[in-house]
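Quick one: structure below, then a few questions.
A, B, C and D are the chain letters, set down in written order, and residue numbers restart from 1 in every chain.
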Amino acid sequence: MIGTGFMGAAHSQAFRVAPHFFDLPLHPEMTVIVGRDAAKTQAAAEKLGWAEASTDWREVIARDDIDLVDICSPGDSHAEIAIAALAAGKHVLCEKPLANTVPEARQMAEAARAAAARGIRSMVGFSYRRVPALSFARELVQAGRIGEVRQARAAYLQDWLVDENGPMTWRLDKKLAGSGSLGDIGAHAVDAVQFITGQSVDLVSGYLRTFVTERPLLAAPVEGQSTVGLSGAASDERGEVTVDDAAWFTGQLSGGAVASFEATRYATGRKNGLNIEIFGSRGAIVFDLEKMNELEFYDGTDAAGEQGFRRIFVTEPEHPYAAAWWPTGHGLGYEHPFSHQLRDLVFDIAEGRDPSPSFDDGLQVQEVLDAVERSAADRGIWTTVSE
Amino acid sequence: MIGTGFMGAAHSQAFRVAPHFFDLPLHPEMTVIVGRDAAKTQAAAEKLGWAEASTDWREVIARDDIDLVDICSPGDSHAEIAIAALAAGKHVLCEKPLANTVPEARQMAEAARAAAARGIRSMVGFSYRRVPALSFARELVQAGRIGEVRQARAAYLQDWLVDENGPMTWRLDKKLAGSGSLGDIGAHAVDAVQFITGQSVDLVSGYLRTFVTERPLLAAPVEGQSTVGLSGAASDERGEVTVDDAAWFTGQLSGGAVASFEATRYATGRKNGLNIEIFGSRGAIVFDLEKMNELEFYDGTDAAGEQGFRRIFVTEPEHPYAAAWWPTGHGLGYEHPFSHQLRDLVFDIAEGRDPSPSFDDGLQVQEVLDAVERSAADRGIWTTVSE
Amino acid sequence: MIGTGFMGAAHSQAFRVAPHFFDLPLHPEMTVIVGRDAAKTQAAAEKLGWAEASTDWREVIARDDIDLVDICSPGDSHAEIAIAALAAGKHVLCEKPLANTVPEARQMAEAARAAAARGIRSMVGFSYRRVPALSFARELVQAGRIGEVRQARAAYLQDWLVDENGPMTWRLDKKLAGSGSLGDIGAHAVDAVQFITGQSVDLVSGYLRTFVTERPLLAAPVEGQSTVGLSGAASDERGEVTVDDAAWFTGQLSGGAVASFEATRYATGRKNGLNIEIFGSRGAIVFDLEKMNELEFYDGTDAAGEQGFRRIFVTEPEHPYAAAWWPTGHGLGYEHPFSHQLRDLVFDIAEGRDPSPSFDDGLQVQEVLDAVERSAADRGIWTTVSE
Amino acid sequence: MIGTGFMGAAHSQAFRVAPHFFDLPLHPEMTVIVGRDAAKTQAAAEKLGWAEASTDWREVIARDDIDLVDICSPGDSHAEIAIAALAAGKHVLCEKPLANTVPEARQMAEAARAAAARGIRSMVGFSYRRVPALSFARELVQAGRIGEVRQARAAYLQDWLVDENGPMTWRLDKKLAGSGSLGDIGAHAVDAVQFITGQSVDLVSGYLRTFVTERPLLAAPVEGQSTVGLSGAASDERGEVTVDDAAWFTGQLSGGAVASFEATRYATGRKNGLNIEIFGSRGAIVFDLEKMNELEFYDGTDAAGEQGFRRIFVTEPEHPYAAAWWPTGHGLGYEHPFSHQLRDLVFDIAEGRDPSPSFDDGLQVQEVLDAVERSAADRGIWTTVSE
């Protein structure tokens, strides 16, 4: 495990829990966690349940007793670590975004392809795909239950930057974070729409806006991995916000559908609202991550007068992953999809399959986001994703 | 029209509007409205659109140019007026509750039966039956779409008495109002459950409670017909509340189902929440009057994993009454069911049918409420409705 | 009244009903309705309650006993009728869109300004402004209750074109309808956002899509004014759909906010969903026309841990227009805002005020839509509304 | 750990997870799990993460390396095990219901009181108290935020017995399960209402109904601990259902409030709906376990016209237990409250406090349920809980 922050904690919970609910063909061992600060990393190892702590990821990936490297550090470090780990013959699970730049992502995808040829597996952590309601949404759509997909609406709405006096964090610094809402949460929206519809975003027209252009610097340096991390006393100095606060874009999809996207951390009152609506010629799907155990499904083939959005409580044995947990009606929480992700990765490794989403999938999402940035920089003009 | 208050206004709107949306076989004319105070009744005639005003209902029901008497006055006056009107050969529409006492209701039902033999029609105003969503609920249940009905839950929740310093009104005086929440809104809950399920409440176990036992008297007398009517300056004197503030009862139904009922004006935050849930062996129905254009329908025969409550927006041509109004998706308001009620009554009169709900239906609801009062007075013991 | 279709019916209901709920300073008389077909217009007069029928609008607007002309005919006729009526000294209420083209709308706005100088009033019918929940939303926002507005999301979602075998109608013909979803329902979304925020859309980047490019022609000609009007037998011939089926655009607002818009008739399952979310620095507002009596309000100044979207049932005496109708908790329907619109217009006429929204407001919305079309035709490039 | 079924799994997850999210003063070790079948218990030990397996609980509670006994076996075994464990000086966590009969529960409560005098702690597992939304509801109510509590409505609605051909299970056998919906889920409703309001149910009037009186026996014996457990092939024989399928009761509370209760496994479409509404003189609280991360709060002191139910997403640092988990907006699942329960128990043990809910609390709930049964057996008559 590389990284001791929010994602490190979420992934650790998966390693701790998944083996007790799924019958895994391999038994993961929580060997070593890597951070930058020795004391903090030792504390994280104890808190999160790793046998050892290290500050040297290079040494760790060289170890014989390491088979899988789980990269949960900030995006600017992904490429170097992942490529090295793959080269060392380790399977790699890499948090999204795959990288902070398209060139880096491209190198990673190449490395992953090369490694795959040697039986080394890699996966990018778009964990929301494995929210049972979203997996089930994909099943319904891929089975043709909503007909031909025509329109998708996806908005990822958070509000943790609403207060203009909230401090600078690494997530607002383009150098560290790559981008703002676009890459952090817009990436999830893009992946979810593509995953459910099976269509790729090919052309985009986008716009980015920074509402609050400078914020108080923290007196103490902000620790890199802390996500909400609005801790520490604010100083008198102000730092420049160099990423987008919000992003809007429209996408033309490979199968003829049109999707609108919106990503923001200024949607006052929305805490973690990934809202997805998919409209097809015979039905529709509606999802909101704030109600992650529910999926709304409109079946246009129901009798006239009896059609309506069904609220399906996605906790039944028929639903993806659900049977492993609790009886019908007992919902899952935020972190359970990380267990699903780990479960699938372990099976893929054991059975010699390439996992999904792959680094190529991660690269493609980066390319979409890059095209949005290029469009936004060029008067909103329609911009091709793959050049 | 007898009565110039809230119900008088609602029914007047029906006379004014229904002929412009439904093709009626007879053309209602708004001839005369009757109240107790000459000046106020004249003002009501002008405001509500009646050609004449009168303070003498006996004179009015004797007129040859009157065919239909619509009784919207308080419950203690219903019996005398309705019986006289039927005797005079006038069709009668009588607001619920049919009467304040079972003996009065029984006399009215007898009078209605006798009049029916002479071709004179009578109807009691349980207008919520004609909310399209509730009419549609009955259609679904009667068509067997939820299978055998096992359980019903009905709660009528309002909150306009929450403030213990709100003044006395006629609705809190047993002599004028007959009962409190039980008769005023509990009656609607009973009628709705019986209407949808097609089963009658045969046995009840009930409880009544008055939370606030005395309230400030208004300096000026409260006008009888004002429903919310919390107007007028409060005086220093306090009057005794002699009706129930809230009622709870369980009913055993003729077809084997069990229904729970709750009626209260102390449900803080609930403004006009008539909540109905009907659970059957193959499905369920859920309704809330605060969302009167919606019906939730759970179809237990949908494929496993795809079952869920469907929110049906009851505004489609297939839905009862809906085609007469606006295109799909354009909802109705509180008063539209009064137009539906009038429409059906006019058709019944023109085509020589006895309307539904009849005075017998109104009587039966009174008997249920009476049995609740008897049970409540006798330690909650199970009490037979019809003796 | 010019026009006998859906809007004619809705406006007629306002003339019929408003005087009975609001104390108007002037008494509207329903003098004459104008249509193209004599027999149909006569039938409409009877159905809708107009004293006379006519097929000659020019003659009608010349009559001395006509003070107000209410234009409910299709958009391509608005300019000629409105300009003539204003010239004849009649007050004019004109349905939206003000016109099918910006030049026409501009002429109308000029005519209205000239007429205003002579005391002649004109209003464009963006009736949703007078849905109490939306009027109340504006009050809250204008009072600063959500702070500085940063983002708005507005989507008008309908689904009545989902079936690709549904027939051609005048609404799909650019010559008659001007545009498709953009002008028909997108106009409402633009007006609502501008009305609530008090900011104008100044720059747009847009995209239009026609999903189904040809549809069966009806054997019988489709009557112009029928809105849902998917009646008549389909023929073997197919006609070309020349308007947009769906529109997406992003707008930069005069006060610094950003708004996203989406208008479509292909949102399967959405019947009349005008969804509006306004996010400010201290709070937020959420509205859905399918729940037109509700407004969600998030107050960011509530205590930490107690913040949440409040569902306000907009039926209390404190709410705009509500006191005139029914007690708290008794909702309104689709057509009530037309009564509010008429009420305000009558007061404006009586008291010598220029109504709002004015023809200038209608023109400005047309200009926004026109800019969207220009942007859509030019690769989505950011386009200035006023040139 | 005694028991290897559904509750055993849920509690095991707490032991596994809680130490990684809460800083506990003591470190729980998962020493030994006890079941009836050696092979199955060994498998459970491996699956659930216990170091050893045993089939002899007496031997286990005699061990020196055991400090805490967690009883998750069926209700008929609770008394014997708990009393023995307490006598052996072990702290005890006992799943609800405390016992199948009041006399047993009374003995357990006595044993717990005696043990407490010796510093031995005991707790009954009403885990829903520690759903953050319900803990927060109690905080709000106890702080007077909804004023004086007048009415409560609590319904626990499940539907897993809807199919009349579903097989017999131990939960339908009075000898094993004690009672049906009443004890299984009605107990939760009673505890929740008492917990939130701080008032005890003193008098009850109740009714019980068995809708399906016999069901197919499984060819293979049903394993005791399986909760949903509708597994195994049905045989031709039928067994008698000896417990209630549904229960309804009204309660008079110690502080003057009235509460209605309903518990059923026949509420088609409701999967795990514990619906609670608490109405007070100044506000209200609404909760549904199917949306366990949300609490609705109506503050009657908000400005007139601005009042409404707030949907609070109970995931903020201010909310009970929430700060230990994920950032705001990231919800918890069904099993998290078991971690909260364990956390509190461990602190209580370490700091020498008696935990809550105590065995006395568990006994009192049993007494309420017993009074309901007595009332139901005696014509619904009001029955005193404590004699």
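Note that in this section contacts are C-beta pairs under 8 Å (C-beta built on N, C-alpha and C of every residue); 3 or more make two chains touch, one makes a residue touch a chain.
Keep in mind that what you see is a predicted model, and the values were worked out from it rather than measured.
Between the contact lists of chain B and chain C, the overlap consists of A, D. For chain A, the chain whose average C-alpha position is most distant is B. For the pairs A-D and A-C, the count of C-beta pairs in contact is higher at A-C. Each chain gets a centre from the mean of its Cα atoms; for chain C and chain D, those two points are 54 Å apart. Distance from the chain A centre to the chain D centre is 36 Å, each centre being the mean of its Cα atoms. Per-chain CA centroids place chain A at a distance of 41 Å from chain C. Shared contact sites, meaning residues of chain C that touch two or more other chains, fall at 270, 307-309, 313. Across the complex, chain A is touched by residues 6, 10, 12-13, 16-17, 20, 47-49, 158, 160, 227-228, 270-273, 290-292, 313, 315, 325-336 of chain D.
Those residues of chain A lying in contact with chain B across their complex are 136, 296-297, 299, 302, 304-313, 316, 318-319.
Interface of chain B with chain D (complex): residues 146, 150-151, 153, 155, 159, 162, 164, 205, 207, 209, 211, 246, 248, 250, 258, 260, 262, 264, 266-270, 277, 279-284, 286, 298, 300, 307-309, 375, 379-382.
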